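Paired with subunit B in one complex and with subunit C in the other, subunit A is shared by the two complexes that follow.
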Partner chain A sequence: MLTHALDIVTSAGILYVVALGLLIIFGVLKIINLAHSAFLAIGGYVAVVATEFHVSLWYAIPIALIIGIVIGAILEATVLRPLYARPLDTILATWGISIVVVQLITLIFGRETQFAASPITGAISIGDITYSEYRIILLGLALVLGAIMVFLFQATELGLSARAVIMNEGLAQAMGINTRFVRFFTFCAGAALATMAGALITPLVSIEPNMGLPWLINAFMLVLVAGSSVISLGWATLGLGGAQVLVSTFINPIIGGLTIIVLSVLVLRARKTL
Partner chain B sequence: MPKLTHTRRQFIAGAAIAAGGAAGGFPAVSRAAEPVKIACICGLSGVNSPVAPAVVQSGQLAVAELNEKGGILGRKVELLPIDDNSDASGAVKAFNSAIYDKKVNIIIAYETSAARNAGEPIAARANMPYIYTSPYEGGACGANLFIDGWVPPQVEIPLLKYMVDEKNLKSWYAIGSDYAFGRGIIDFAVKEIKSLGGTVVGEDFNPLSSSDWEPIFTKVRGEKPEAIIYCTSNGSPNATFLKQYKSTGLDLPVGSFSIDELTALKIGESAEGVLYTADYFTSLDNPQNEAYLAAMNKMFGSKLLTPSNLSVPEYDAIHIYALAAEKVKSVEAAAIIKTLPTVSFKGPRGVIQMDKEHHAALPIYLAQIQKDGSSKVIKSFGLIDPGNQCPKFS
Partner chain C sequence: MDLAAWSPDTPRRLSVAKVLALTACGIGVILISSALLGVYDAQILSQAFFFAVVAIAVDLQWGYTGILSWGQSAFFGIGVYGVAIASAHYGGGAPIAILGATIAAALAAFVAGGAGWLSFWDGAPPFFVAIVTFAIPVVFTQVILSGGTYTGASSGLPFPTPNLAPWQWYRISGCLLVLVAIAAYVFTKSDAGRILVAIRENEDRCRYLGIRTARWKIGLMAACAVLSAVAGTLYAEYATVAATSYGDFVFGTELVIWTALGGRGTLIGPILGTIFINYISAVLGGSLPFLWLLIIGLIFVFVVIYLPSGFYPFLQQWASRRLPIPGRPFRGLLSSPQPEASGRPAGTDTRSLSPSLPAARGSMPRALAERAVVLHIREVQKSYGSLHVLRNISFDIHRGEVVGIVGPNGAGKTTLVRCISDGREYSAGDIAVSGRSTRSLSAQECVSLGVGRKFQTPSVFDALSVADCLHIARSFRKPPSLWRSGSHLALPLPALRIAELTGLFSQLHVPASHLAHGTKQALELAMVLALEPTILLLDEPTAGLTRAERTAVGSLLAVLAKEHNISVLLIEHDVDFVRTVCDRLVVLHMGEILLDGTVSDVVESEVVRSVYLGEAVGGT
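Up next is the complex of A and B:
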């Protein structure tokens, strides 16, 4: 029983970490960032390079974060900013970015699967069971990230501006809010969260140029269900991720793999307005 | 490394097609001097990607050795590595390209079962000789299809006998990837465990696309088996499986049908203790293996990827093909298909002949993975028959 509960909360935590960057970009910029999966891969390859230089993953994570900020800043300024008036074109643009990034990774690292060293491979005892220590750590990180996000949105001036942009960008601009900066900052933060998530999941998966794709689909559905709130993303990952774990455990993992997508479609169908 | 050079005649012929748009046959004379082309179709991308480059290296050595001795029937031999993305749709493209575009003489391929099942009908329609070099779930039969890797009875019976009888592990949990190879291997294992007097308390399959094994490990915990047997696809899924297994803290004996020496080395500590059987290990003590390893080292130096039972069959198969062509004095498809089962080659694994219903009897060894990821051979089972894989060819 305890193991099932741990499976549910840790799986939700992992999904939360992976989907967070996609959510804040979708929430504030109203852009579906299809380059999210490529950003995840960049994070994964930061971990690969760190392994090659015998640097611990704990250092690779902040490095991935910084690289994400830099890449986000460059792409926002050069590719996305001119397209804000044409939201549909941003889908094409971010998809294009993703193809370019994946090809660049392939050119540099090759197509084959890589392995990154895990800082933690063991298990810890909780009650009378043992459980993956890294999954527990990821859950903790997800909670911390969620708390930081809530704090940023609710308690800072930037968050207030961001919420104003989410509600009504035109009005926010008329009130003197620098929406351009809010957009820039949000995209950088979203990209950085994605690259960091890519590095964070490396102890659980193996790394290849398309490693982000399977995650993108689930993250995308979760974000559509959660809308623009970092708190509802938490509930969405817990509900849908939890359902996935339960279906995988009690029915079978093959149907489990479809759970998030099917439930998301049902939730979206049942909801009157987005 | 041998360069894939193109002769001027080929270039002119290609240019002629391009200019004229004609696809008519060339006179036999001009073809006689063309190289013998071997397509090495393998998953250079996708799940097999950690292993496939080593397969190509093995093939390159075999081709270099043949060319050094004057090629096949006096013609130069060329190896064309073609990526099939480790899946069915990639294989369809790769097979069509090899047969109709590159016009190869034979396909000698290391692939996933999904890719083989998609590619074989294309090769069969074209009556293209096809040697499949992967270990696989068994029962793939085609008049043009030959297999020099292991099938379940060869590795599963020895490993399970050892673990169930000698190690006295009676209660099992079986885990596989959800596709032909994983399902076939695990189905066989479950039957074998039962016939050895063991019980299987749980059996689960994870989609190939899934990288989360945690829900299955949670079920394992609940069922409390004495040992685990698993079979993912070759290569990277072993890493996700074993990494996540290690982190659960479950400390049960694990038997694997999908891991190989090279992948184990890459995974390292997380694979420690895993038992597996195979038809080849680098530590095998025979003159052919020594010569093979020395030649591989000389050819690839620091770029050498550790050979394994997944890559050596490519080397053997190319030599078997050359022997068949020399024996029948032709590379014509029908003649090759008839002759392939009649020749044997003494390679690093021992004497290989695909005369058992298009499959081969193989020497089988048991190994345990050490803390540094290396594989230590702990037992030899001798030559083991593949059983009745394709009774129609007996």
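Up next is the complex of A and C:
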């Protein structure tokens, strides 16, 4: 029982970390960033390189974050900026970016599965069960990240600008908010959160060029259900991620893998708003 | 209602002879080339031809209708597995394979229809269908992988197939492609195809023209799913083994990429794009598979940013600039099509175009009380949670009456018009049009009860010609043909009159986007009048018009009301205009009716003066 409860909350935490970058890009920029999966893969391969050089994952994570910011900055300026007037086309362009990144990774590292050393392999005892320490740490990290995001959005001037852009971009621009900078910053932050998440999940998944794909669609559905709120994303990951864990455990892992997609589409259809 | 009709010489009209000639040409090319090709080329091209059929399905949905379907591969995969499972488990042979194919096609239609139903609710953002269709191949792959030996799981499902030579497959796939391409061509040129483009251009306008856009889109998705599944069933026989890669997400995105590179919204572009990329992939892919994909990805990003309509339209424009076709006048990229020389199309029955009407209708001194109530509004309320935007709105509009709604900004004028034109908008009370309640009826159903709504800013179909826009407006009266392109446009007299007065007839083949602001307004009004409404809703019809145009609009409304007995409800700020045009005014303030009376009642009212008109009245 306790194991299941821990599975649910830690899975929700992992999903939260993975979906957060997507959420802020969707929330502020109103675009669907299909390159998210490629960003996750970049983070994963940063961890692989770190392992090769015998560097701990804890150092790989900030490096992944910085790489994410740089890549985000380059892509925002070259690819996304010309497309803000055509939001539907950003779906295509970000998918194109994803292909390019995945093929570059394949050319450099090859197609085969790679492994990254986990900084923590132990388990901790909670009551009479033992549980993966890394998953618990990820859950804690998800809570910390969520808190940082809430703080950024609610208590800083940049967050206020971002919220203004979310609500009414035209008006925000008219009020003198530099929407161009808000977009640039948001895309960099979203990309960085994605590469960091990619590095963070490496102890739990196998690393290959397409490693981000299975996460992409689930993350997307969670973001659509959550809207543009970092707090609702927490509830969405807990509810839908929890359903996924329960279905995988008690019914069938393959159906479990489809739980989030199917439930989200039904929720969105019934709610009739995004 | 009296209809006047004419047959404009529509350039888009397709003749049977042309279609047959095209088909014969295409099949001829396939048959001749099959004798010339090597085995390897025939094999690669056969596969490319099957994929091109699916690319056509993607293009019909995305290029023509604006439905971005990432998941077309899943329907192809359903076709592949339908045949594979039937042949592998229930005995080989044609009848079993055909049965499997039929079941697969039905399943594909069902899944696509379901996805459409999930994607198209009123107010769904256009990207939502892309997300839902994104999920279909994922579900498909998981289902196949969990099927064990029944579906072959990850190792694929081999099954007995007829052993045909590569050139035979080349002919089969080639002829299939030619037939599908020609059918798609005829379809896109038909009345129904025109509606698809109208949906892409302006879905809201379509809805308020009575077109059930969600139904059209769901139907199109189901039809395209069947087409893809059929291509899949034949491809299965060619491939001899079913694998998840034929229905997975990657293949789905590839189809979108081929369509985008070739040129969405043209049929030939995606076909050539698919064949070209598949051929090059087969040649280069063996030696440099990842590099080739990388190049495709880079080109794709480039095309999306700088060449969004794709390569084919680009090459076409480039060619037409470099080599003007002899015999045809050179046309620059920016020049608009030449308007017709004569003001009126040839063969028009001038009698029916003239504004004169049966004399009996000309003079009708009618007391309001004697006239039928066309619009009956009782205690209508519109609330968002505890916020009441409209409260206790009750009034009637009679046949042929012109009623103005006035009130300060935020009084609820536009909300009221929305409630009248869409029965699902109001929260309480009742609205009846010609005695029939609109409660919880969709905008389309309200149109069929006789509500015609003109938006404030001109809302037409920019990519379509004036004649096509008018055709679309008539389509809810008569179900449009899936293969024929109507050259016969029948308009009710009021619409005809507007068209004649504003010179629309001289611009029938001009794209709506090239019209001047005032003419666009006139076109939209003509489109709404083509619905034969009993009540016409106008939101600030004089906004942005010159004084002369205002006077023209005023006299036009008088003619519609007095001669054609159409009731008019208009929102207006211009008191002078209201005074000359309206029979009655309804003053809204803070979501409630402040006053309902004749123009002089309202203008002289102290209350109205104080809340809204203020000193303006004294000034006029």
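As a working rule, the second predicted complex is superposed on the first by the 274 of 274 C-alpha atoms of A that agree within 3 Å, B and C clash if a C-alpha of one lies under 4 Å from a C-alpha of the other, contacts with A are read in each partner's own complex, and residues count from 1 in each chain.
In this text, contacts are C-beta pairs under 8 Å (C-beta built on N, C-alpha and C of every residue); 3 or more make two chains touch, one makes a residue touch a chain.
Treat the numbers as computed from the prediction; the structure is a model and nothing was measured.
Undergrad: Just subunit B (first), just subunit C (second), both, or neither: which does A:Ile126 touch?
TA: neither
Undergrad: For A:Gly257, using the defined touch cut-off, is the partner it touches subunit B, subunit C, both, or neither? Pick first, second, both or neither.
TA: both
Undergrad: Please indicate which partner A:Ser118 is in contact with in the superposed arrangement: first for subunit B, second for subunit C, both, or neither.
TA: In the superposition, A:Ser118 touches subunit B alone.
Undergrad: Quick check for you: in the superposed arrangement, does A:Ile74 touch first (subunit B), second (subunit C), both or neither?
TA: A:Ile74 contacts neither subunit B nor subunit C.
Undergrad: For A:Thr10, using the defined touch cut-off, is the partner it touches subunit B, subunit C, both, or neither? Pick first, second, both or neither.
TA: Only subunit B is touched by A:Thr10; subunit C is not.
Undergrad: Looking at the overlay, does A:Trp95 come into contact with subunit B only (first), subunit C only (second), both, or neither?
TA: So A:Trp95 only meets subunit C here.
Undergrad: Mind sorting out which residues of subunit A both subunit B and subunit C touch, each in its own complex?
TA: Subunit A residues touching both partners: 252, 254, 257.
Undergrad: Mind pulling up the subunit A residues that touch subunit B in the complex?
TA: On the subunit A side, the touching residues are 3-4, 7, 10-11, 111-113, 115, 118, 120-125, 129-135, 203-206, 208, 214, 245, 248-249, 252-254, 256-257.
Undergrad: Which of the residues in subunit C end up touching subunit A in this complex?
TA: Listed in rising order, the residues of subunit C that touch subunit A are 68, 117-118, 121-128, 130-132, 134-135, 138-139, 142, 145-146, 249, 253, 256-257, 260, 290-291, 293-294, 296-298, 300-301, 304-306, 308.
Undergrad: If you look only at subunit B, which of its residues touch subunit A in the complex?
TA: Subunit B reaches subunit A through residues 44-45, 47, 49-50, 52-53, 83, 178, 204-207, 209-212, 214-216, 218-219, 221-222, 235-237, 239-240, 243-244, 246-250, 266-267, 269-270.
Undergrad: Under the touch definition given earlier, write down the residues of subunit A that touch subunit C in their complex.
TA: 32, 79, 82-83, 86-89, 91-93, 95-100, 103-104, 106-107, 213, 217, 220-221, 224, 252, 254-255, 257-258, 261-262, 265-266, 268-269, 272-274
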